[in-house]
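Paired with subunit B in one complex and with subunit C in the other, subunit A is shared by the two complexes that follow.
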Partner chain A sequence: MWEKIANVDRRVIYALMILVIALALLNPIGMAIVPSQATIDAYNYIEAMPNGSIVWLGMEFSSGGVTELIPAAQAIIRQGFKKDFKFVCAGMWQQAGDMAEMAFSIVEKEFPDKQYGVDWVNIGYKPGGEVLLPALINDVNEAAKGIDHRQNQLSSLPLMSQFKTIKDADLIIIFCTGTPGEQQYIKHVTGPLNIPLIESAISVSVPGIMPFVQSGQIKALIAGMKGAAEYEALVGVPGPAMAGMDAQSFSHGLILLFMILGNIGYYATRNKKG
Partner chain B sequence: MKKEVPLAICFIVALIYIVSNYFTGVEFLATMKDLLDKWYLSVDAIVVAIGMVNLAQIHGRRVANKREGWLFSLWLMLCMFGMFFVSIFWFKGTTHVGWNFMYNMIISPMNATVYSTLVFYIGSAAYRSFRIRSMEAGILLVVAFVMMLGRVPLGALLLGGNQAFASMADWLLNVPNSAGMRGIQIGAALGGIATALRIMLGIERGYLGGTGE
Partner chain C sequence: MPETLVNVGTHLQAIFTILLITVIFKDNPAYRFAEHTFVGLFAGYTVALSYFNYVRPNVKDQLIGKGELHWIVPIVVGLLMYTRYIKPIAWLSRYSLCFTLGIGTGYVLSKDMKPFFVDQVRATFLPLWGTGDWWKTTSNWIYVVGTVTALVYFLFTLQKKGVQGSVSKIGRITMMVAFGAAFGNTVMARVSLFLGRMQFLLGNWLKLISIRV
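Let's look at the complex of A and B:
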């Protein structure tokens, strides 16, 4: 029996994982979300920005990061539109434009008075990787080749008359899953221009980002789905991240259970062999 | 001359780029930097084409010789050239409904699927690898335990609402993790500078196609 416990077939673990996640998603128990200091810092920083600020949203991720980053983006959009922020989005990742559209899909229903082109613009993906960022400092219109994600002329959008270069942003918020990401923004934009930077990152990237948070190069970090769920709680609109935390909790619980069982099996069989 | 000219070009271009990053406000340097950035975009596009040719050569040979896994190679080439030719000759741009369908309904979900399968591999790997075979492995297990409970509400639930796991996880992230990460990042940056200097000064010549000698 101990042999079996020490060597559970990985397919059993996979099947149980699917079951646990599915059950948690279908029947969430609504575990309490207590915001961490890091998320509170991000919320307070954005809340302290003057009404009507222009905020750059860097959508530096692809569909793999949707679950963790879109809820944070939507919570920030909700908070921002309540303060009459103007948002300009773009990204160095190929799906940046689609990700921005997905994040702003809540606007039509929740903020019917907010108009595309006046209150927010989705420039979308522009090629070049980190070379795009210095180009945005010179001239956004030229860097974007004059068109947005929806194929509108940027010059025809009222918001872009106030936003000629990325220097016009009062705050930069980026949503990242990897490279290019925060290091490129710090190097080319937020460091030299002294524009505050807030980041929402997927959980696996968080350990590598912490030194930039401690150095103050990133003002605040919304860490993974947990951070997104906490942000939803702070904004007061429960969303997919809060719902997803139950699934994440139970999947972590299952992994921990298997780690304990694996060690019990390991010691039982080791003593037997000894 | 075959080596000296590329080495000279590499040295001059690298020097201009480095100097233009440190001395802003000099018009000549700013113009050169803008120009080099535009060239970078062109080179970036050419590299994609070289990558396609390279992939086609490797996988084409595998298909021709019917080596192990040749069907996967065939599938890779069909997808790569399929998307390439269809985008250029049929859809003619990223706004076409067909292109959007292929991107948003095929590539995008596959991207998300690959990422989400990580949970299964991580679960299985954690079960197999977190065995207390030594004191170091034991410390690793305890840290993993605290982090996994501290990053989800389950930790507080198990302690009746107490945030002890979350506090410990935050400390681990902010103190030992940040110290280690900072060391790794500074080391990697110094390594990058050293490699860049070697390439710039012509000590490292692998990019010329030789052995560096």
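Let's look at the complex of A and C:
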């Protein structure tokens, strides 16, 4: 029996994983979401910003990061618009513009008074990789070649008259799945200019980012889908991240179960062979 | 966007998601079709984006439109990179490569030292007593001891014997804890990715749950 358990077919594990996640999504039991200190720090930092602050949103991810990062982005936008923040978004990743549009898709329904160009601007993807950031310090209009993601002239958008360089940002929040990401911002923008930086990152990147949080180079970190769920809970508007937490917990339980069984099976069969 | 197009898009997303998921059970032609479609689409997307965000503003608008001739220099340096496909003049591509490497190295040396070395080292200078908070003091000890012992592990010029061996062992344990945390986070990220697709399939597509991704 132990041999079978130690060598369980991976397809069985995948099938069970699909089943567990589907069942947990269809019948959520509403497990408690207790915000971690890191998420609370991010929330409090943004909450303490003066009303009407200009916030730079760095959309440094592509469609693979949507599940973990868009819920956090939408929760932050909700919190920001309640405080009359102005948002300027751009990114070094090719899908940055589309990701920003997706994050701001909540605006029409929840904040009908907020207008594109006045309350938020989506500059979108601009090429150059990390070289883009020093260019943004000099002149946003020049770095963006004068056009936004929607092909509008940046000079025609009222918000851009207050936002000439990235130095005009009171806070920088970035959403990252890898490189270019937080290291480029720390190196070129937030470090030299002393602008506070908050990051929302996918879970897999979290261990690599923690030294920057520890050193204070990143003020606060929203870690993965769990962090996004905690942020949704703090903002008080449940979204996809909160809805997915039951499924995530049960799937982790399943993985743990298979790890324990696999190890027991391994030890049992190893002794037998010996 | 018209409702019909949104529906077609949703169905296509769902079908391609399922086709891609089938690979976890067995490699098959349906998966290959979806994979190749994705690669092709993304390549096209990248070319279009590069044209509208780079080639058109720089070449068409700045160089040809406004006559800003200095744009010729980076364009020529960039184009030289492609000479590697023409054997007799392939050596020319090395100039572009050297230029890029030189800039890259200089850039890294001038920009990376402070944020990724000095500031990170400084972050390990933590108070080991007198913080007034036992948890903080314990964390600081773990942080400092973990950093120092992990660094000692990489002193390969000394044999891992005696004190050096014991300290290296602590460093190795510290790194194993870090790798464990990294593995846990990786699992969580992969599950999240799949979870997102399941939310899409059950929500946006089948409309069995109310959450829309």
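The rule we apply is simple: the second predicted complex is superposed on the first by the 274 of 274 C-alpha atoms of A that agree within 3 Å, B and C clash if a C-alpha of one lies under 4 Å from a C-alpha of the other, contacts with A are read in each partner's own complex, and residues count from 1 in each chain.
Note that in this section a contact is a pair of C-beta atoms (placed from the backbone, for glycine too) under 8 Å apart; a residue touches a chain by one contact, two chains touch by 3 or more.
What you are looking at is a predicted structure, and each value in this text was computed from that prediction instead of being measured.
In the superposition on chain A, contact of A:G239 is made with subunit C only, not with subunit B.
Of the two partner chains, subunit B and subunit C are each touched by A:Q214.
Within the superposed three-chain model, A:Y266 lies in touch with subunit B and out of touch with subunit C [touch as defined at top]. In the superposed pair of complexes, A:T179 makes contact with neither subunit B nor subunit C.
Of the two partner chains, subunit C is the only one that A:K145 touches; subunit B does not reach it.
Using the contact criterion defined above for the overlaid structures, shared-chain residue A:M31 touches subunit B, although it does not reach subunit C.
With both structures placed on the common chain, the touch criterion links A:V8 to subunit B but leaves subunit C unconnected. When the two complexes are laid over each other on chain A, subunit A has residues 10, 14, 17, 21, 64, 66-67, 127, 203, 206-208, 211, 214, 224, 226, 248, 251-252, 255 in contact with both subunit B and subunit C. Taken together, the subunit C residues at the contact with subunit A in this complex read 24-25, 45-46, 49-50, 53-54, 57-58, 61, 111-112, 114-116, 119-120, 122-123, 143, 178, 181-182, 185-199, 202, 208-209, 211-213.
Interface residues of subunit A facing subunit B in the complex, by the touch rule stated above, are 8, 10, 13-14, 17, 21, 31-34, 36-38, 62-67, 95, 98, 127-129, 131, 134-135, 138, 151, 192, 203, 206-208, 210-211, 214, 224, 226, 245-246, 248-256, 258-259, 261-263, 266-267.
Remark: subunit B residues 24, 33-34, 37, 40-41, 44-45, 95, 103-104, 108-109, 111-112, 114-116, 119-120, 122-124, 126-128, 130-133, 141, 144-145, 148-149, 151-154, 156-157, 161, 163, 166, 170, 173-174, 177-178, 181-182, 185 touch subunit A in the complex. In the complex of the two chains, the subunit A residues touching subunit C come out as 10-11, 14, 17-18, 21-22, 25-26, 64, 66-68, 70, 94, 125-127, 145-147, 183, 186-188, 191, 202-208, 211, 214-217, 224-226, 239-240, 243-244, 247-248, 251-252, 255.
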